[in-house]
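Order of writing sets the chain letters: A, B and C. Residues in each chain are counted from 1.
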């Protein structure tokens, strides 16, 4: 299947997702063997207008594991702001004349689509604004579940935290709605619950979901608990937010084969005591990001 | 011909320019074929004391397209300022012990020459101070015209904008003066017109030039209009600076085979409406920067 | 011998040092021949929470000279500070899932050890806090002396400057104490002299040392004078600190085959007049850093 720009998770159909997962599995074997692939003539630019060391290095390591080359920009923002009239579009037109694929993180929602509109090479969205998309994160989340369970059909998942602002959980909910018999619990304080656009989308697609306010109510029923960051300062009262913490006491109530996921970085909501539990998958998630990004790069470069 | 350091555009003779253009043409074919050359054992350091994403990535992509390797510094300035006594010379001595060529952007005029004086490897000036040089920009400008017209002799060019501070147009005027029957119009508000040193140089070499204050007066006569940035705030009154804008109304008056050039980034002086005109060459200019920088790197590394 | 993490200079035994020096010598020949080694499938991450252009480029050039690949972070600090709860350990766990070796500079003493405790790949300490370690600097210092004299036994050395805060001289004193018949002079103003922990260590190992307050007293007796930075502002009175300056007048009193060393960068304590003296080894020291870092990388990657 042909893939050019990677802008939002919505663009991925189930067959495209399955091809991506197949390729990611192959990439995993390439890395395990310590080899590289045949992309030594390809150049990827990472153009980050907001710094993000982990995401950037994940993409750059992916390109290196493919045998390719990288032109890196750790923080592009400071430069372009020097010239008021300078615009993203001109930069993309120029950089796309030098390289074979552009990985872009931009501070504005829609930045990636604007870039794709003028780029002569594929653009991969590595996050555009806090209200925007971060599709490769959603894809690696999905791959992590798929890799472990070999199917996404019939999955029961709880998404926990500040769901209103969580672009990760929004994309994940969207993608999971494409599979059969998925059940979703949205666990959050009432004031930060999952927004209506997603809930309406799920209703339209006839996906089962429920909104809850305590992790304890649902934890013994789920295959996956997807915990997201609680930003310090937003929900001050510790006793109030503790209901959304993943810690040793919660572990005891989980199914023995459940998965604990988190997009990282974490604040208080994910206790270090959980790290050594075999059900903790968040570091595996990060590593899967390497394979998924390698797979995506091969799909857009081929 | 032997080329070691690349410090200022004055050092390029006509035969050296023609060899550079020949090599740039070859590089264009290398890139088009998707291959790389044989420089896999060579390391280039980009040492930028002032950030410049586009120029830096242009050089780094050039080195990668040659098959070479890059050690990159996005913003060296913050580091060296930590130690008052630290000096450019010590850094260059050290970095030249690690790498095969250094691409330097420095904030002070003469920085590149100081670096070249102590470096054990070639130094390429990627801009030294606003009053200094940026020779590779001038070389790619010249190559863009040469590539299109196959000669620089007999060219009529208008340079437009804040010409007094424009290191790009100063270098271009200097280089063009080496060719036969070139005619230059300098179009600018009287208070920011081309400085006397360049005008005197042209008089000495018997080059035809004229100073104008409106783009309209000359636009139908020129083969190339080279527009440069008007910095917001310097010339406040929009009606006054509009005479130096390149927009759809000006397009109509141009020769059908004329070229519109701009070093980018732009502010208001170059309207986006011009982008789709076949006479717009400014993105091609940027891409030519890749070929010219590849060519320069082969010349200093060979 | 097996080497995994490189955290502090104390971990190096004499046989391990000698193996390192052997390998560094080989690396020198590899570089002189203009070739690269066989590490094209290996990726090194440079994760610098404090910028240090020279040290970072030294490591990155070393990896490139081995044929390997680099994911670079010029200044990681700004990113992680955005999220209060984010911790070094999580970043290391993630980055070690993407790469084959991590070179870490951290602002806190003990940062490298914390990283090594959770990393799935070797961690090399490139400096952790001003009171911490910078073992590769100490190793390249030692190699520079060994390379010139072919032995470290019987060496007489003077260490000069603000010795209380000098992590370089502290590590060097520690490593030299492993060799036979070494004599050390610590030359500094009384208020910034070498700390007791090192002096006690030397006493325990029965190493000869003396504390002096003037460079002149000892300069004619030493094989190596190791000058370190005097930070502007700390010792204000120039006449007072001039006793610790290395300049032309001191040169005359030195042995003809002595070595002048400095970790660089310098402030006032090392005069540029010394640069052209054949006994000046500080730029050679920096270049040796390349070979020693290449050697270390081969030891931890093999």
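Going forward, a contact is a pair of C-beta atoms (placed from the backbone, for glycine too) under 8 Å apart; a residue touches a chain by one contact, two chains touch by 3 or more.
Just so we're clear, the structure is a prediction, and the values are computed from it rather than from any experiment.
With rounding to the nearest 5, the Cα superposition of chain B on chain C corresponds to a rotation angle of 120 degrees.
Residue numbering shows that chain A and chain B use the same positions for less than half of their mutual interface. Per-chain CA centroids place chain A at a distance of 40 Å from chain B. For chain B, the set of residues touching two or more other chains reads 72, 74-75. By the touch criterion stated above, chain B contacts chain A in their complex at residues 34-36, 51-54, 57-58, 60-61, 64-65, 70, 72, 74-75, 229, 232, 264-268, 283, 286-287, 290. The touching residues of chain A, counted against chain B in their complex, run 40-41, 43, 45, 47, 69, 71-76, 78-80, 83-86, 90-91, 93-95, 97-99.
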